[in-house]
Amino acid sequence: MSATVTPEAPAAERPVRDRADKLRQIKLVVTFAIVFGLVLWMAISIDNSDVLFLNAASPDKDHQPEAFNGLRLVWVAVAVSGIALLAAAANLVPRNGWALLVYLAVGLSFYVAFTVWYYADQDSAVEAWITNPLPSMVKYSPPLVLGALAGVICERAGVINIAIEAQLVMGAFFGYVISSLAYSNGAGMVGAALAGVLVALVLGLFSLRYHVDQVVVGVVLIALALGLTTFLLGQIPTQQENESLNTLLSDPPDPLTPIEIPGLSQIPVIGRALFNQSILVYITLLAPIVVWFLLYQTRWGLRVRSVGEHPKAADTVGIKVNRVRWQAVLLGGGLAGLGGAFYTVGSSGSFTDNAANGQGFMALAAVIMGRWHPIGATMAAFFFALTAAMKDDFGLVTKVPSELIAVAPYLATLIAVAGFVGRVRTPAADGQPYVKD
Amino acid sequence: MSEKDDKVPAEESSPAESPARTDGPTASSTSGEGEPGAKSGSEDATATKSPETKPAGRSSSALVDTVLTTAAAIFLALVIGAVLMALSNQEVIDSMGYFFVYPWDFFTRSFDVVTTSYGALLKASLGSGEAVSHTLNRAAPLICAGLGVSLAFRSGLFNIGAQGQIILGTLAASYVGFTWDLPAVLLLPTSVLAGILAGALWGAIAGLLKAATGAHEVISTIMLNSIAASGILAYALGEMKSFQRPGDELGLPQSPPVPDSAAFPEVFGVHLGVLLAILAAVVVWWLLTRSTLGFELRSVGANPDASRTAGMSTGKVFILTMAIAGALSGLAATMLINGDQASNNASLVGTIGFDAITVALLGRGTPLGSVLAGLLFGALAVGGGAMQTSSAGTAPEIVQVVQGLIVLFVAAPAAVRWLVRQRRKEPTDTFAAKEATA
Amino acid sequence: MQLQIQGLTRRFGDFVANDAIDLTIEPGEIHCLLGENGAGKSTLMNMLYGLLEPSAGQILLDGKPVHFNTPGDAIDAGIGMVHQHFMLVPVFTVAENVMLGREGGPILNRKAAGQRVRDLSDRYGLHVDPKALVEDIPVGVQQRVEILKALANEAKVLILDEPTAVLTPQEIDELMEIMRQLKAQGTSIIFITHKLREVKAVGDKISVIRRGKIVGTADPSASEAELAEMMVGREVNLVVDKDAPEVGQPVLEARGVTIIDPRGHEVVKDVSFEARAGEVLGIAGVQGNGQTELIKSLLGLVRPSAGDIVLDGDSIAKHGPKRSLAAGIGYIPEDRSHDGYVATFSVRENLVLDLYRTPEFSSGPALKLAAIERNADQRIAEFDIRTTSRETPVGSLSGGNQQKVVVAREFSRPLKVLIASQPTRGVDVGSIEFIHKRIIEERDRGTAVIIVSTELDEIFALSDRIAVMYDGRIVDTVSPDIEREQIGLLMAGAVPEKGGAA
């Protein structure tokens, strides 16, 4: 029997190259060449090689800006992007997950070169310094990472979750209300997660129970969540109407404070970024690993992925498709809701209108850029967090219009989705209600 | 939520609905999943025996069904809105404190609040000639942008990008309007055309990306929205002299309005744009039902693989559809710039782009539906402000919640039937459900 | 285990898919269920497996009534099923597919699952690698994974739903060997098929199902003609009447066509052939050996990575479907619901799906609605399309009538080449005869016809020349008077002894 079916011939026996493969090479060469050219230009145009660097989010007694030779770093970036360009030209860029590392290296070299170039040769009286982007990147990450993970879990189970934005906003609002009422940040975080679950409940009800188009439900839920939170915010009684309630709600507990992990936080450059953060950030850093383990190493994860890929196959081995999907949707809702707590419990303490400000959509983009894999989506989410951090940090210098930096994440997403993610393989049954026939 | 319940719609709709299918590369995988004749057994047999059960009288009863479910959805959403209104009113809340002593108070006060609020809404949107003209002017951009989203829907594209397309439209229309020195006969049409073209261009980008690289339009239109708002609009208002109204440098940055020569003429307070919106609806109707492009567009939306096999270019359809959708959004933008003569600023477009999605959903992707839905939402928007200033002081956000609920209920007729306890045996054959299987 | 079915009935609305079915399957028996497409076989099996709720009647196991709400219940009761369309998750490994649903603990133990697959696979001689991704293994092996799944669940009653459709004749023999082995160990087998030969080869008892009813039982010794008549309800003409072809010039040529699929596999390897005017070229082969991609490249839906496609001396490989259709290629796709029609479109619209842009049906940007309606009325009459009106959505027609819509459309313009892939799959016998007749008429008009089919009977009935595909190559081109066994060997990739001429 096995004699009749010989396995596919190895790659060596393939003289014919696919057009898609050639196209990929062209895209890579063009993109890497543009990056290389820009980085090279930056390296050449820097006059004074010294820039200031601050190894913290803001200066304090231990941390002061220090000058260092940034030009050297830029030349390293030139070298890295040059090597990547040569590799692409020789068609040596790997075709599997390792390609991600190449993309990462090229992206990173561009980022480093741009940052140094941006801060070099300043002519203003007070010289601005480069801050270590890691602490604020990590600080900004909870809604993006947890939102993206929520998306990954839902879509792996075959339910499109556009409503991440709604879950973030609801999580932010209820995190604020509950933490104020209970005067406890812990309660606020639980409340935020439950608010996310509430949104997920509606999403599940309409998409799983009534088979409404999941994208439609998601869009409507976003509109509803924005309207509802604004409406409810307006309902918080004024001092005259209900003094006790007003006092209660206008006085939330202090937002989450960083908890320093002794020892680990002393690691240079990354120590304070990773190990001097709030409990919400620690949860965010652990969540990707937990979600990965859940999806790939547990019975539940195997079932989740099976109902997202081939629900009928799952059904025929006795798995209750919609029950598993419900579980995934609710768990995802909880995660995204918790991510929403960042905007209130995690940062300012109080709720402002439209708190998520589109970051739910960025989380959704991270899901796709990360190819529905928890680790990939997390990396994409961290990239968006980095650009958010850049937007804050780069405001002091005006070498480039601030609007260009503001749109950087969106442009990058467009280029990534159009150029390199393209027709990726979605979970096969993503977005399709499971109807028995 | 038992498995039993999930079976119900499946049985009712088995032959008429096309089987949900996987799209993209996985469909051709060797698993045998997307295989020919996949539904051979029971389904073919079902259809052989009873071809007349479905189609007979389909159109007329379907129309009645559509009207009924839509009316029920609107009614239900208004009821929920009423409950929210009552519960958010201080007097009603106070009366709950002694509910068991004077329960009647609670009901009369709730009734008062609801009738006052909805009364104010109705009066402000339809109560006078002036009110009607406000509603029409407000509805015009919603209708145009809603038509754009609807058209994209029909070709299987979920165009979330109306917002960005409108923003680009306002920029182009206002820029031409207040900088170009043209006679009035030319200035108005040029300005409007500039708005339409800018919207079309911005829409076409998403179509092009989809056609050339397969980039999902939901992601790309969201990104294009953000680029339009925080990139281009912010740049124009922040850096371009012509967009800065003299005297506003320190406050909210905003542009001057277009001169009267670039404004739509008005009749009884209704500007010409309203007529253009209706005209656009007629054009879209013709396009969808009477033209070869519309034939391709609907075909690609319903089954892209069969369309490709029949020699249609899905890429061409995606690009053209998104360009036309963008043009309609651009037309919506001129309603604000040339119609209302509004100053361009960061919040001018507001949520029109997203409301357009709800308009398209409520209108079930049809031109007539979009017009009606646009009028409804226009009236709600005009009336929402009046509710706040009425004696009941109801928050205008209620309108947004009501709009969302209407669409949600329309998309889920089964849910509405369950809620109004009118369980007629009908398949969940909504516009939205069709989109899902397409 | 004895399985009894008593009065099992299933209705869909007004339509009765299964009408009071009675069956008894004894332990260690291979019970064949014979019926044509749409007779209600799958409905019955889905009820047995807990996928469908019976409207009436009951199922008894060893005399005890059982009630299956979900497939899980059926599995627990000892019923296993190998589905016609494999219920395997393509991106999972074999072991993951086998363990799915019975993982044996909250944390996955892939090692133990792999060992279990290896054990079972050795015991029944199935040769399956537990670590292979299902999407990477051939269809025949995928089927063995399906059988493994049932065996891993210790099934006492095994349902095989049309298991031979995707197998070579040799693989079919091996499957039958496995069935006999299982039977010897006391497993009852329900073998569903519409192929008479197989029923006779392996069955202990034969029940024939037609229009949802058991119309009779037969012995494996009954003649094929008897069984066929029982299955269809009338005498069937198993052969297509046709005269010898008047072969003309080559019209369509494939020259060294090589195709790489989106996953990077070379699925068509250096294929060359020519289709000549007035002749039917049959392309035989087991599903998944490159026919699908090859056929798509002929219309321009897939662009070959190497090689050329030539129509009347002009290269058309890069033209795309629009120009190829206009140049006179008629195309009946393999999967009609996927590629052949738009389900939500009416019969009227589907009949011009690739003609709407011709001057006959449009002028400039506008459609000629009256002409399109007239066309629909004509075609419906000419091709005997059974529909309530021309406005009926094609999705609600029967499989045979859906196919007739596609055929009518493709035949409604002058053709140089007709390419028909699986032209009668899932179609009732009446429509099969009709479609076959029209194809031969088209040939006699001087059109070059290319038929792709996995059904050897169809290939033999229509072809004047047969090209056999295996693993992306045409292994040989033969004349239709070749022995069945010979072609079976070719389909399994055996290298022909003689030269490739026919």
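Chains: A, B and C, in written order; residue numbering restarts at 1 for each.
Going forward, a residue touches a chain if its C-beta (ideal position, glycine included) is under 8 Å from a C-beta of that chain, and two chains touch if they have at least 3 such contacts.
Just so we're clear, the structure is a prediction, and the values are computed from it rather than from any experiment.
**Student:** Tell me which of A-C and B-C has more C-beta pairs in contact.
**Tutor:** Here the pair linked by more C-beta pairs in contact is B-C.
**Student:** Average the CA atoms of each chain to get its centre, and name the chain whose centre is farthest from that of chain A.
**Tutor:** Greatest centre separation from chain A goes to chain C.
**Student:** List the centre-to-centre spacing of chain A and chain B in whole Å, with centres computed as mean CA coordinates.
**Tutor:** The computed centroid separation for chain A versus chain B comes out at 29 Å.
**Student:** Quick one: chain B and chain C, Cα centre-to-centre, how many Å?
**Tutor:** Roughly 43 Å, centre to centre.
**Student:** Find every residue in chain C that makes contact with two or more other chains and list them.
**Tutor:** 70, 86, 88-90, 138, 262
**Student:** Quick check on chain B: which residues sit in contact with 2+ other chains?
**Tutor:** Touching at least two other chains: 3, 7, 14, 19, 25-26, 31, 33, 39, 42.
**Student:** Got the chain A residues that touch at least 2 other chains?
**Tutor:** Within chain A, residues 310, 320, 423, 428, 436 contact more than one other chain.
**Student:** Mind pulling up the chain B residues that touch chain A in the complex?
**Tutor:** Those residues of chain B that touch chain A are 1, 3, 5-7, 9-10, 14, 19-20, 22, 24-26, 31, 33, 39, 42-43, 84, 88, 90, 158, 160, 209, 212-216, 218-220, 222-224, 226-227, 230-232, 234-235, 238-239, 354, 357-358, 361, 395, 397-398, 400-401, 403-405, 407-408, 411-412, 414-415, 428, 430, 432-433, 435-436.
**Student:** What part of chain A is in contact with chain B in the complex they form?
**Tutor:** Touch list, chain A to chain B: 162, 205-206, 208-217, 219-224, 226-228, 230-231, 234-235, 237, 241, 310, 320, 322-323, 326, 358, 361, 364-365, 368, 401-404, 406-407, 410-411, 413-414, 417-419, 421-423, 425-426, 428-429, 431-437.
**Student:** In their complex, what parts of chain A are in touch with chain C?
**Tutor:** Where chain A meets chain C, its residues are 1-2, 4-6, 8-9, 14, 16-21, 95, 297-303, 305-306, 309-310, 312-320, 423, 428, 436.
**Student:** Taking the complex as given, what residues does chain C use to touch chain A?
**Tutor:** For this pair, the touching residues of chain C are 49, 51-52, 70-73, 75-76, 81, 83, 86-92, 96-97, 99-103, 105-108, 127, 136, 138, 140-141, 149, 168, 170-171, 174, 258, 260, 262, 264-266, 303, 305-306, 471, 492-493.
**Student:** Can you check the complex and tell me which residues of chain B touch chain C?
**Tutor:** 3-4, 7, 11-12, 14-19, 21, 25-42, 44-56, 59, 290-293, 295, 298-299, 302-303, 305-313, 434, 438
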